[in-house]
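Look for chain A in each of the two complexes below; its partner is chain B in the first and chain C in the second.
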Partner chain A sequence: MSIQHPLEECLKTDLATWEIGPYDAALPGPMKLRLSLDGEVVVSAAYETGFLHRGLEKAFEQQPWRAVVAYSDYLDTDGSIFGELAVCLAVEEIARIEVPRRGQYVRVLLSELGRISAHLGYIVRVAKAMNAETIIHYVLRDRERVLDLFELATGARYTLNYLRFGGIQTDITDGFVERVLEVCELFRVRLKEYNDLFTYNHAFLKRTQGLGVLSADRAAALGVTGPNGRASGHAFDVRKAHPYSGYDLFDFAVPSAGGIERDEGASVGDANDRFLLRLREISTSVDLLKQAAEGIPSGEFNYFGWGEKAIIPSGEAYSRVETSRGLLGCHVVSDGGPSPTRIQFRPPSLAHFSAIPELVKGIRLEDLPVLLATLDPGISEADR
Partner chain B sequence: METNALFAKINKLPEGWVLERVRFGRSQTASIWIEGGKVIEIGRFLKDDPNFDFDWLENVSVAQLDRVFAISYFLRSRNSGHTLVLRCSVDVPPNKQDRVEFFSVQEVWEAAAPFESEISDLFGIVFSSNEKSMMSALTGEKGFGGFPLRKDYTAGVPLGEDG
Partner chain C sequence: MSWMSPWIEGIGILDSAPAWVLAALSLIVIYIFIVVPCAALISYLDRKLTADFQARVGPNQAGPAGIFQPLVDGLKLLQKQPRDPVSWREAAWLSVHTMALYSTVAVLPLGSAVLLVDTDMSAFLPFWSALVLALGTMLLGFSQSGVPGWFGGIRVAAQTLAGAFPALIALLCSGVAAGGFRWSLLAAAQGTSPLQWTAFANPFQFLAFAVFVVSGLVTLGIPPMDAPFSSTDTHGGVSSGLWGRRYILFRLGRFYGFFLWSVIAVTIFLGAWSLPFGGSDYLREQGYLRLLQTLELLWLLLKTLLLMILVIWAARVNPRTRVDQVTDFAWTVLSPFALLALIGASVVVAWGYFQ
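The block that comes next holds the complex of A and B.
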């Protein structure tokens, strides 16, 4: 006769199902997550999005071409410049518009500032998920400096509406370049502060190392790009693979998982790697900003003169931009009419959401907010 | 692989596979039009054949051109970095509430899942192996009262009230 251990009997439970969302502090935005739980351990998960769908792609078809840039700001307000740039690049290819070198440099400056701003927002979200209050204040203080630069150049802090087909709306303000260089110096110091405060904090390391490991092959199969893909070793960066706006003129290295020192046997592509990679990307962006600010040429900033209007002929084009979250594709179709026939975005976050069900398998429930924060899928661009 | 070299390889594909080969827009990217019914077979070949090695489906885009949905698969080789646009078309159904069935390429490229799910909700193109929409009940046929990215969509009118 076998004797059943008393604990075995009292701990025997069926799987429980738990639905989180659409509004929950643990989630990256309005979405639902259906979890199957064995005690506190996640056995399986399914997600549901669409709660933030704004009909953005349909709206493009109903607006004149001149409104397209303004609308594309709302693809992802964490990095509105990237949506603008993707649309402009595609339309400029259709209309054979060549952006003057100064316009291209300003686009690079704003893109890298946008990347830093978005990555600082990312640090805040991760810190929030970890209940690490102090770092949040430091990072938000520094992000204000970047938003100040946006305001100085464009008059806006988030939704910039600054790019135009053929270049940029107006030339950058006097003193902008000097202030960019000041911010570059500031961030070299600040990155060390962030590391001292947070990155090497014992609790942070314990909670993120080995959590939500995504292999390079799985990242590639699911189409995960950007810092999440590179943290897994899927080393793809549009700025290198398909240089745009003169990125091929700059000397920069794209950080990837291969360059991170780790303990023997430690996993590549975990939550900690995803966080570290963003910090290293801030450093790369600072290098790029410095080069662009020091080398910005004088001259025209837009292909068109004041009052001239771009005429978009029939045709189609597909542009790619490296956003703070990964590969943003933009397919534009024109029939030569006053409005686009079709503008379709390939937002990087679509793939990041696809990765959630397999990343959360086997993790404990209390680690879910940390995992989602480090993966950082953007609900705004996925639903759009 | 330059575009011409890629076209030379495409020329060697079995007869009947490629309906037309052209450059995509004004870019240097090659694109080929194929029959919709062969998308899985051709897709698998383009992925598995080492001469092509298009192992990454970067994007799936649909555009309604008159009474046809043009479906574009943006392919990329991870090893070589080469790109190709695989294209096919499917007729727009005569009634705007009708869905149209097409072949899912998820068995070839897993990354197709979220794109097919979106296209199903917004265009009413049902992909054969797409078991369930990932988008919420707020979107899709029920929530939108139709398929909003079709050209004949009228916002805010539930299905059945205007035909």
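The block that comes next holds the complex of A and C.
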């Protein structure tokens, strides 16, 4: 039996455990994170979600078909249009409804506006995680312009409840297209402003470069899609791979990591890449908006006339939509009754969550909020 | 307390009061009539100017243009009940904090005629107090009995130690130019025109000035170097468990550190209190002592507030720097530059001597 030196016994150090959440400024929403810390360095982390479970999928089954779109708004209120679109696409496939061209274009317009709005919200969350106050207010000021457009078209700013099986609820307001073009011009200017103010800030680069590197292989293995996946080099975009709602008619390039000049210490798939990719996606969305606004055809906006009721036959369908966070799948089963038999979502954020435990290993406690903000898992859609 | 005499002449009871009573009184007067109002003013200007930078309105409800907002905030915090009884650790922190606060008020340079302690080591005394203040803040963090406070306390210790070294070297630079560390000497070495201020005397002194200001941010944990008080990862760090009266005390202590640092920076680098166009000498010759004290104080405070606002301005657009990056920066960037400035400043002084 060895005798331990008394001093050694005093100075014996061990890993500390700290459980944060369900409500914590470091977290993107209600969730728990059990951290194991060596000093300030995170050794391992386990997450627990489910604190925002609202039984959304069950609620669909208990409501008539006409309530489905309204409920799907609450899948993820950051980009409520994507939930609506996913459900509508699946139901339209079951009922073999063909959406008129004008309806498709308006859906594209709203999707891309929703993407811009969600990405601006993302910039705010990242800036907030590292206490860069000024950029937050500039971005929020510009996001108001996008929300104004939502209000002009749909009457609501967040939970739009605007799409309908077969198209959209009402035709877009006069002047909407012109104002979309104005916003496109605005964002060309504003993106440069954000870059000057924040993106190329030395302190910001120092904190995000090389942080939480997710390789393309791991992204693919975990099923991480969307901007996070593309920032790692996993170039998959539903709009290109499985075009829906007329996305194949537009000419746009999907940004992906690689081909950007990199500072020393930065690698593909780090937090800075994820942030940059969102900015580039805003630019892509502006391109798409411009094309859609300029080429929007006239004519019917809904397959059904006023007062006509969609009858959903029995059958099932699976639709895929590229949301601001990644691939959103929606499986709809109908038995021909007045309400859906089953509606199930595959939210992109579930995969983002599964990436957390491996990304936080070895980062400092102070970088935890930054990492989570740049990964941006949506609690709302993951818990539903 | 000679500086008080022009003010208390004719008040019989004070004329005959012993010196220690007057000294204590003067500390209280300075604290209540200079430090606290400056804290209110800076917090108001901070909020209002930041609002302007960020395209929003800022406080506008309490009083015209919201000028009573700091007062209202203070009153609100005063009303709050303490959550739990004072622990012995918190009591220790409070006493350390109070000691540091009052000892620095005594050495605060506030004008040629308002120097309470003007010794050969004057300029170093506030440093000692800043370190004690940091120790108190660290103890406060540990006393929070929670992980956030613990991390906050450790970060305070790391940053203070890292920032103190370059700051001391930068202080030496101005001392080398002035020939000593008496406040009066440091002030007298500078003229009234900005070109005669130590900071603009030569490039090395300007470097020393920049190092001094930045290392102050590091030492005291002022934004954007405020990782010990970070709210996103550690719920406010050291201050995570504070509110009500204790939070006011804590905030005042934090402000006081910043204020003290800026006053010192102005005194040793930015022309101290000398009024422009030889005003100080004129007033002294004419015997207008009260006017001299008031104007010099206002002039010094004006420069101090401007410097503080500059720092706040920079802090508002920059993200918070990580604590290990801050300490790295202090040891590997600030310290070498401080040493370079010291060597350069010494060479300049020697050159002048041999000429």
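Definition applied: the second predicted complex is superposed on the first by the 367 of 384 C-alpha atoms of A that agree within 3 Å, B and C clash if a C-alpha of one lies under 4 Å from a C-alpha of the other, contacts with A are read in each partner's own complex, and residues count from 1 in each chain.
Operating definition for what follows: a residue touches a chain if its C-beta (ideal position, glycine included) is under 8 Å from a C-beta of that chain, and two chains touch if they have at least 3 such contacts.
In this text, all values refer to a predicted model and were calculated from it rather than measured experimentally.
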item: Chain B versus chain C as contact partner of A:Y47, first or second or both or neither; value: first
item: Which of chain B and chain C A:T341 touches, first, second, both or neither; value: first
item: Touched partner set for A:A25, first chain B, second chain C, both or neither; value: second
item: Partner chain(s) touched by A:I311 [first = chain B, second = chain C, both, neither]; value: neither
item: Touching partner for A:L197 - first (chain B), second (chain C), both, neither; value: second
item: Contacts of A:K58 with chain B and chain C, given as first, second, both or neither; value: first
item: Touching partner for A:M130 - first (chain B), second (chain C), both, neither; value: second
item: Partner chain in contact with A:R207 - chain B first, chain C second, else both or neither; value: second
item: Touched partner set for A:V189, first chain B, second chain C, both or neither; value: neither
item: Common ground on chain A, meaning residues reached by chain C in one complex and by chain B in the other; value: none
item: Complex contacts: residues of chain A adjacent to chain B; value: 22, 32, 47-51, 53, 55, 57-58, 93-94, 96, 220-223, 236, 241, 315-318, 327, 329, 331, 333, 341-342, 344, 346, 350-351, 353-354, 383
item: Of chain B, residues touching chain A in the complex; value: 24-27, 29, 55-59, 61-65, 72, 74, 78, 81, 85, 110-111, 113-115, 118, 121-122, 134-140, 143, 148-149, 153
item: Parts of chain A lying in touch with chain C, wherever the complex brings them together; value: 16, 18, 24-26, 40, 127-138, 141, 197-198, 201, 203-204, 206-207, 364-369
item: Complex contact set, residues of chain C against chain A; value: 50, 53-56, 147, 151, 154, 223-224, 226-227, 230-235, 316-325
